[in-house]
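Take a look at the structures below.
After this come two complexes, each holding subunit A, first together with subunit B and then together with subunit C.
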Partner chain A sequence: MHFGPHLLLAALEGLVTSAVLALTALGLSLVFGVMRVVNVAHGEFFMLGAVLAWAISTAISGHPAIGFLAALVLAPLIVGAIALVAERLVLRRLNYNPEATIVATIGMLYIIQQLALTFYGPEARPVEPPFSYRILLPWFGYSGYKLSVIATSALLLVATWLVLTRTKIGLVMRATQYDSETAQAFGIPVDRVYGGVFALGAMLAAIAAVLIVPISQAHYLMGQDPLLLSFIVVIIGGLGSLRGTVVAAVLIGLSDGIISVFFSPTLAKIIATFLVAMVLVFRPHGLFGTASR
Partner chain B sequence: MTEASPAKPYALHLGVIALLFALSFVLPDYHHGLLARIMVLAVFAMGYNMLFGYVGLLSLGHAMFFSAGLYGAGLTVYHLGWNVPAAFAAGLACGALLALVIGLLALRTTGVAFMIVTMMFAQVFYLVILYFASWTGGDQGLVVQQAARVLVLGSASLDLTNPTVRYMSALALFSIVLLITLAIVRSRYGRVLVAIRENEERTKMLGYDTFSNKLIAVVVSGTICAASGAAYALLFGYVGSSFASVQYSILPLLWVLLGGAATTLGPLIGTLFMYYVIDITSGFTSAYLLIVGIALILLVLFFPKGILGSIRQRWLGWLP
Partner chain C sequence: MTDKNGFFDLSKSTLSRRTALKGLAAGAGLAVAPGFVRYSQAQSSAPVKIGFQSHRTGIGAAYGRWYEKTTAAAVKAINDAGGINGRPVEVVIEDDGTDPARGAEVVGKFATQHKTDIVFGTLFSHVVIGSAPAAGEAKIPYFVVSEGHHVASTKLNRYVFQPGITDVKSQIQSMAPWIAANAGKKVTQIFPDFAFGYDHRDYLPPALKAQGADVIAQIAIPPTESSFTKYFPQIPAETEVIYHVMVGPAVLTFVKELGEFYGSNRPQLFGFMDSLEATDINSPGLEFLDGSHFWEGSPRYAQPDDSAAQKAYRAAVGIDDNGAAVGDPKDVSTASHMFGCWETLYVVKKAMEDAGYKGPEDRAKLVEATEALTEFAEGPEHPQGPKTFNGKIHQCFGIQNISKVEGGKLKVVHKTKIEDGLYEPEGDYTTQAL
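What follows is the complex of A and B.
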């Protein structure tokens, strides 16, 4: 294959990564933006989504699309419910103290990971894609499912943006993010908003995982990379900024795809992680973020 | 403060050291080996406590300082054939240098950003170890041969693979670091660190240069952790990338939280307690990460001060 088509293939792969990453990172960003909580267990909610997708799609017989659609609806709901319980039982009691919540979410990470290992096992298991249609480009055939992942993710991002900017729920969330005490004084149930946002963040990660699981398999350790990449995206995009998160996800996904096609993936990770740490040291509000008050 | 107050803590610490020394002669083989390992890892926890407990800086990247010592000592022995003291010094130097560089960068940030930055630098360090697998052995690790682990002192030579020598070396390192920490936290400098933890702005206003004080604390903490890593490589003969993974950044946090942050003996108690909890429960479940996770959550929810922290609050106010 020549350089041009090779680059196109790398870019397409990168866009698939970006699409999934944008959803996952958006969940992390919402939780940080509204609640000021760094959720270290976010990657595990992603993993749970994938594992549940496998469980649901194998439990339902018939055409793979039925099982997949059921997983796409049910897995995020279950993950959201688990996140809500964790938030009520642990984070709320800690009064959302930033350092205590980090330690507590590290604890959640270990618990979820170990339970997945115990009940799901150490194997990586595939989920059948809902359809297997190959789009023939002049140079190579490309999976139609992968393109549909990009489209679905874009739709969900637009939907989230509309909810945040055009609905009352979004207004309440933004008010809580802007100043939770004043929001409380105006009668916004800040406590319930926090619970809902934490569940929503986990659900976004779970949706992303269900979308990616037909491409890469479900495994109990699969939450590590998305966690780190989401951190990178959220930091570069500016903590709590939706537009920045999406731009950064596309940037990171594309460069990750292209760099790992042409160089060693470990080297790509080293460079990306180091650069992001440097961004955080010298531009603490991200490349696109504005200073918080 | 009464007249006897400065003597009490020193008596207590010397007593703990004497107790550990005496235990060497009565413990059965298995626990003897385990305790040697716990003492080396308790040094790691003490280094972590220096920064987390006394300065209030929560780092999620201390595995890199531990493994800087581990690899600094392990690789010089393995590839260059250095003797034990030189390799140990190399480990310390690596840790101190790394801590200085990381401190200069990471201390520009505060709070949550500090945790994420330290975690990311540690991740870079971990990936670099994997990337240079031809020298570091990658995730397989390296085994330092028995012949290389002999400490030659004049005409006498000590075989560090011998259980008694190993226990005594671990105890010596542990005692030195314990007394150094005790001296630091009781000094004027230690009080400045606590002042920074309690209110950095006010400390700055009182005329203290908080940045360089914090930087010194990062270097001291990193060097102590590196000492633990270097001792681990030389005493137990194994050098592997899993010690640089994020899990080994979280374990010292757990040990310190459990034993009691900002107490000199807390790290030892926390490490001892957690090691034995895992050791006992591993008899009937392999799910030890579950226990680590539950312990972390219960600790932050109900005992944020840890075992010794709670004891100090209730009964023994003089505990350092």
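What follows is the complex of A and C.
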């Protein structure tokens, strides 16, 4: 294959990775930014989204698009509810202590994973894409659905950004992130904001999973890769910085796609990890993170 | 709510980043942490105890489930017919997570805690290779159903046997003439990047060379990979045949993305059924497979010329004419491999009877009795077909099927002969001490 089409394919593959990664990492970044909680169970919320998407789309008969759209709406809501319950039952009782919440979310990771194994089983199960249009380029064919994933993810990212910057909910969240004690003093229900943010973070991961599951199937161990990649993205972009998270996701996704296609996927992972190390050494707050005040 | 410890104070962001890193390290640690192990007491030695090392979880889970079904059916058939040496057979299952390190632990558990007579049933080649030393050390016979060449290569040890399924080197050698004559001469190989894939990588090029065909590119893909399109540009444009064999939970994605990449304008495809085991070939997006060919160990779909033994075997295991579980057409079996469990258990029965096997003290006798076997006739005990067994390399040799995808089914179009797959032994296990 010639260089041009080769690069195009690499960029497309990279953008699909970026799209999903940006949504997942945004959830992780949001939870950390507002709550200062490192959610190790984040990947499991991603997995739950995919597993629920399978359950919902198989329960609904008819055109695959109906089942998929139902999954796109219901799966994140259910995951959000589960996250909210987990937040109320566990994180709040630990007073959001950073060390304790890490251990607690590790526990949640295991519990969710084993429950999925028990009730869903160890198989990888496919979800039918809502449409299966194949775009025929002169050099190769490409899945139309994959392109729609990129577009949907971009829309959702813009929507999240609008919510955070233009709405009262966003204002409240930003105020809590900036200084929770003062926010509380001004009558912001910080406690409820925390619950909402944790649920929202999990829902973003679940949406990303519903989008990707027609491409890569639901499996109970599928949460591990997104978790590690999200951490990489969040560290490179700067903890708590949404702009940094999106930029880093596109950077990591594209470099992963391009390096994987031209060299090897292993090299792509090596470079991403190396980048994390370099960022930590030379720009400890990430590319867009704010330095200590 | 008060913030006594300053956890929400943004000025402590350095501490928080460190905290984040701790979380990252903890997350990475989880990926390698072993799961729980279940302990149970050794029981009386009355039944023959078979330790079944099963891939219940991990990337081999679909195989593990069907290996368990097949094993349960074979054990029931053996017990209904009076057991082994008049003793009932009892299967003890341990999950190895499709992981070599846990595989070795499981073998150790069978030998020392469950005190089983043998260990049986492993498929994934890296687990077999990881577990074999533990079996050799414990001097417990280890009957695998793996199809990798590692047993026959004589690089493992005297306690490891593969009497129920032909190894990859032999499979490739017997099919290479058909590939070169019917599919094409310029072959690009796609294989999983671990032991089993390396058998394909190493033995296909010489086998094709002998037939005047060439492997022009070899593409290794990690078995845990979840997206494949990025590998396809490496397939050279002049490729006439893509020879594909993939494993793991993402095989359906692999085949689907291959279809998206090529559409109907594709090179010839010759695949190992591994690329689609436990997966419906009529899944949406797989239409492009129509007319392509697959290796099958034992045919998934019932064939018009099926023997009575094959029909009885399918009924006993509980698969319908489409190779799916009776009553659940979506639960597709791993028909190409799981017959090996059935046949291996009958080989164990024969060897135990020949050895007059009484208990673990007779394990060495069992090894020698297995090595003395030479042939297995086609019949209810060997429904896949007749086999020969080479006791020096602990490997059996049988027929292979080449099937064509036609109208949403797989139809056997060619059956190889046992002689097609025979090769010079690379060593001799019988010279090793027991």
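Basically, the second predicted complex is superposed on the first by the 287 of 293 C-alpha atoms of A that agree within 3 Å, B and C clash if a C-alpha of one lies under 4 Å from a C-alpha of the other, contacts with A are read in each partner's own complex, and residues count from 1 in each chain.
One rule holds for everything that comes next: a contact is a pair of C-beta atoms (placed from the backbone, for glycine too) under 8 Å apart; a residue touches a chain by one contact, two chains touch by 3 or more.
Predicted model, so just to flag it, every value in this text is computed and none were measured.
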Contacts of A:A100 with subunit B and subunit C, given as first, second, both or neither: first
Subunit B versus subunit C as contact partner of A:A11, first or second or both or neither: neither
Partner chain in contact with A:V38 - subunit B first, subunit C second, else both or neither: both
Touched partner set for A:L251, first subunit B, second subunit C, both or neither: neither
Subunit B versus subunit C as contact partner of A:T118, first or second or both or neither: first
First (subunit B), second (subunit C), both or neither touched by A:L69: neither
Of subunit B and subunit C, the chain that contacts the larger number of subunit A residues: C
Touching partner for A:V163 - first (subunit B), second (subunit C), both, neither: neither
Subunit B versus subunit C as contact partner of A:V90, first or second or both or neither: first
Partner chain in contact with A:Y142 - subunit B first, subunit C second, else both or neither: second
Set of subunit A residues, in rising order, touched by both subunit B and subunit C: 38, 98-99, 102-103, 106, 109-110, 117, 228, 231, 235, 266, 280, 284
Touch list for subunit A against partner subunit B, complex: 38, 90, 93-94, 98-100, 102-104, 106-111, 113-115, 117-118, 228, 231, 235, 264, 266-267, 269-270, 273-274, 276-278, 280-282, 284
Interface residues, subunit B side, partner subunit A - complex: 58, 60, 105-106, 108-109, 111-113, 115-117, 120-121, 123-124, 127-128, 130-131, 250, 253, 257, 287, 289-290, 292-297, 299-301, 304
Sites on subunit A touched by subunit C in the complex: 1, 6, 9-10, 13, 16-17, 32, 36, 38-40, 43, 64, 95-99, 102-103, 105-106, 109-110, 117, 121-124, 126, 128-129, 132, 134, 136, 140-143, 177-181, 184, 190-191, 215-217, 219, 221-222, 224-225, 227-228, 231, 234-235, 239, 257, 260-261, 265-266, 280, 284-285, 289-293
Of all residues in subunit C, those that touch subunit A in their complex: 1-3, 5, 7-8, 10-17, 19-24, 26-28, 30-31, 56-58, 61-62, 64-65, 222, 225-227, 229-230, 232-233, 237, 249-250, 252-253, 257, 260-263, 278, 283-285
